[in-house]
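Across the two complexes that follow, chain A remains constant while its partner is chain B and subsequently chain C.
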Partner chain A sequence: MASVEYFRRQSRWRPLETAFWLCTLLPFVVTPNYLSLASQIAITALFALSLDLILGYAGIVSLGHAAFFGVGAYTAGLLAKHYLGEPLAGLVAGAAAAGLLGYATSHIIVRFRHLTLIMLTLGLGLLLHEAANSASPLTGGADGLQGVKVGTLFGFRFDMFGRTAYAYSLAVLFICFLAARRIIHSPFGLALRGIRENPTRMPAVGAPSRAHLRKAYTIAAVMAGIAGALLTHTTSTVSLEVLSFGRSADVLVILILGGAGRLYGGIVGAIIYLVARDQFSGINPQYWYFWIGLLLVAVVMFLPNGILGGLSARHKKPE
Partner chain B sequence: MLSSLAGVLFDGFAYGMLLFLLSVGLSVTLGMMNFVNLAHCSFAMVGGYTTVSLVNKLGWPFLASLPAAFVTAAALSIVFERALFRRLYKATDLDQCLLTIGVVFISIAAFAWFYTTEQQSARVPAWLQGSLQVGGMSFANYRIFLIVVSLAITGLLILLLERTRFGAQVRAAVDNQRMARGLGIDVDRAFMITFALGGGLAGLGGALSIQVVGLDPTFALTYLVYVLIVVSVGGLGSIGGSFAAAVVLGISDMAGKYYFPWLGAFLIYLVMVGLLMWRPVGLFGKR
Partner chain C sequence: MLATRNLNKSFGSLVVAQDIALELPQGVRYALIGPNGAGKTTLINLLTGMVRPDSGEIRLAGEDIAGLTPDARVRRGLARTFQINTLFPQLTALESVTIAVLERERHAHNWWRNLARFDAAIEEASAILASLRLGDVAHRATRALAYGQQRLLEIALALATRPRVLLLDEPAAGVPKDESAELFAVISGLSQELTVLFIEHDMNVVFRFASRVIVMVGGRILVEGTPEEVGRDARVREVYLGKHARAA
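Our next item is the complex of A and B:
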């Protein structure tokens, strides 16, 4: 039963992880002026984590993941605008709407692979973007959804310094992270990795590949929807950009930068990408693209498989 | 109705030719090495800006600037292939994506630095302006020129691939890279030439597209989506497939904009999703 012990050891909390999550509280005291950036990072990290579940663990490369983020954001926004501004209800509604869309599209997605799969996710994402653009009476079109009134969260108002926003985003990120961690270390998570490595062999050992992939895709969609709803609540607006190709591409870049197939890949990627973007655009607002590009090239050259992947490979070498 | 249909078909075909020039290189190099080069449209942008500089700053005639655009983009493709991309042929797809998207970001910022973010244009000679009247319908001279040039290039490409020794090597490498190596074909060299050729054609496409869609530094990202659509719908490594896909997408985009303007770009994406679900390997793809 040495193998069971191996998997147990893999899933145990490490001191470094505890330290990391304690560090996420630092922005409250160390950089109180950057709390809105910190909540952006937490939301993006959650979005990247949801992509990691399908890309890193199940091998589904998606260039249209913003579809779920956007549906979550619009659902939460419309709910807050027309019915009730209670944030937690918005989270649930956003998650449910994104999950439904994810389940519906997962039936298409699991039939395809490689470039076709990427292009189908891209196509479905772009279709939704165009649809939201055309349905301006409902979504506000290119002007975005105006007049979103977000209520209080357990009696706390969303203040202009972003204290509530960051606490809220961080708490939701942490809960979703725990869920993702549990999923990854479960037999289901192992089966997903098996499917990623060899999709024809897994059915042969009795794992229902397509059903597993559909499940993973739906879970990732739910999580992306929660991230979208968080963005709506913390910014009180929804712009068409939440559904854009740019957002899908950004989150893909962030995840690969951090290291796909690692629980902390998306989080590390989001921290580095967004902090770098904030700093570079502070130095020179027009040309920050250049430095981000240079960063990406350098990471691929010196740390293949993302920052975490590259670091862990370097770490293991001397042994 | 009928005349507008002819107009839409004509404009769509011309637009499709543009998409074909922009994407054919990526299709062949992806089919050969499985190298995901998202920076393909950056080379198109190099061609476009070469033409802008030569025509507007140095006063070259538009026609003379087109070969220059081809050569500059091809030369720069070779530099990037040798210095950067070559190291990543064995890397994962994700690393290839990240590196090439980094190159796209750098190119966007670099062109914004040198040429500002404004839309650029290049003067074309008088005989390319205006339009030709045939039976009550008007055909823009520039689009006729675009179609003639693209068809000539397509013909040359097919001759090159089907009738020459180099073409046979490329086809062998696309079909089965390892087997081709086993037969003593220098796949790396063939790939480098193909990559340069593809980059050059993209550069030419970029130069020709200034007059139709304009040119600004975000070109590399905007047209990346269209190019990927053409490549995937056409099927990897297939010139005929890219041609057919480019024509279908060009015409459906024009038809969508003309007949259903409220749908925006909805139609072109719908066509793509439909075609891909019908034929996952692309119209003419083999695997």
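Our next item is the complex of A and C:
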């Protein structure tokens, strides 16, 4: 029984988590002028969470994760522009399109590892970025997709203060977080950690590693697509930047800063990264990346498991 | 239980397996011996599908498994361990063995139910660890285990797949002599229905624990027989002791 209890304890909801999620409501009352920043953070956190599923849990390093974010964003944008501005339909469509692309590319991705894998994800991301750039009749190219009309959400309009936007982004982030939490505490989640820890051993215990990885990659793509659709709905526009290499690199930095493989890493990373960008770019808009660079160097040198990893190591008593 | 015919493999001009024909009946304890570079580990890699043979046939309980992936062979009952620890460093011993049990029971694809609901699998993993005297360290991270315990965990992972044939690649590699006897006591205590083939260099261990011995040299099987037959064989003595042995 003690053994089963061990697994139960792993997945138990902790008081600190409840406190954290309650704190995410604070911006409504404490910083009502920063609600659009708050919704950017929630969207980026969701994007980082989706990367965590493949990087932190399955060990797939990707430099092209923006591909799924961008496909989700464009799908939601095109749907809202031409057919239907209903946000939830846009979320579903964005998720489905990104998931399809994820499933299709996963067949290539899972065959490779290490540097080859990183270059493949990078290459696929660049391909998509340029494809969207050249397909300007459809995507608006470098000018971005104009004329996205987002409808109301349960009767609420997306107001200029970003109230609806933050409530919407936060709710979707929370639901996706619950799903991710469930996945990592399932047998499949344990198998993913096994693949991350030792890809050679997994087939030797009878695990179809590639099938597991394809599934994880598809789930992560779906989640990234939802994040992209959220961005479209909360900003009523889609710029080419959603598919850019910069976005893929940023989300990787955010996850590493926060701590990969611990669910909250991406969220904490997104808060630090976007708040820092907001503050530093206020001081000097040209050179704010300098501070991000400094922060990244400091974290990876002194806290190799990210900020959350460093914090939890400090609190954990040695056995 | 496990049989091969005409199994061949070369890496370039280096022949690592030549015309290997094996026939391992159920329940027999085989020792696979031979000098370094004889192709012992390669043979295990060929049998388990980690290396593809150039030609030849591999049958497990009559079924041709040569075209199957390594994980599919494991699911049909052919498990192995590794000479160099190939474990999950940051997972606990219990988590590691639970992975193997869940894969065997076809639960590993389940991505929606909580792990704690699979209590039968967890209890079984726990029992396997206890049977290998790893019960006390089940909740410790693998990388924090003593080396000898990690060697036992290698075997625990293989047993959790409930194999019919178990291939052990130098199970006692790196373990001090007195502990290696303990390790082999565990191996000889395994179910009598299980077919076991182990690679081992210590002849005392081979003579004590193997019911039959296969000698490999240069990618070929030189001799197969009881430990006594193999011990008397002039060709084997030549390989192991050099040409002077004959004169002496």
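Note that in this section the second predicted complex is superposed on the first by the 315 of 319 C-alpha atoms of A that agree within 3 Å, B and C clash if a C-alpha of one lies under 4 Å from a C-alpha of the other, contacts with A are read in each partner's own complex, and residues count from 1 in each chain.
Operating definition for what follows: a residue touches a chain if its C-beta (ideal position, glycine included) is under 8 Å from a C-beta of that chain, and two chains touch if they have at least 3 such contacts.
Source: prediction; values computed, not measured.
Q: With the two structures laid over each other on chain A, which partner does A:Gly194 touch: chain B (first), chain C (second), both, or neither?
A: second
Q: Now for A:Asn133: first (chain B), second (chain C), both, or neither, which partner does it touch?
A: It touches chain B, and chain C stays clear.
Q: Considering only the touch criterion stated at the top, classify A:Leu115 as touching first (chain B), second (chain C), both, or neither.
A: After superposing on A, A:Leu115 lies in contact with chain B but is clear of chain C.
Q: Which of the two partners, first being chain B and second being chain C, lies in contact with A:Val253: first, second, both, or neither?
A: first
Q: Which partner does A:Gly293 reach: the first (chain B), the second (chain C), both, or neither?
A: In the superposition, A:Gly293 touches chain B alone.
Q: Under the contact rule defined above, give the chain A residues that sit at the interface with chain B and also at the interface with chain C.
A: none
Q: Okay, in this complex, where on chain B does chain A touch?
A: Within the complex, chain B contacts chain A at residues 30, 84, 87-88, 91-95, 97-99, 101-110, 112-113, 117, 221, 225, 228-229, 231-233, 236, 262-266, 269-270, 272-273, 276-277, 280-282.
Q: For chain A, which residues count as touching chain C in their complex?
A: Where chain A meets chain C, its residues are 3-8, 10-11, 182-183, 185-191, 193-194, 197-198, 200-209, 211-212, 215, 219, 319.
Q: What part of chain A is in contact with chain B in the complex they form?
A: That would be residues 61, 108, 111-112, 115-116, 118-120, 122-124, 126-127, 130-131, 133-134, 245-246, 249, 252-253, 256-257, 260, 286-290, 292-297, 299-301, 304-306 of chain A.
Q: Tell me, which parts of chain C touch chain A in their complex?
A: 48, 50, 69-72, 74-75, 79-80, 82, 86-91, 94-96, 98-100, 102-104, 107-116, 118-119, 122-123, 125-126, 138-140, 144, 157-158, 160-161
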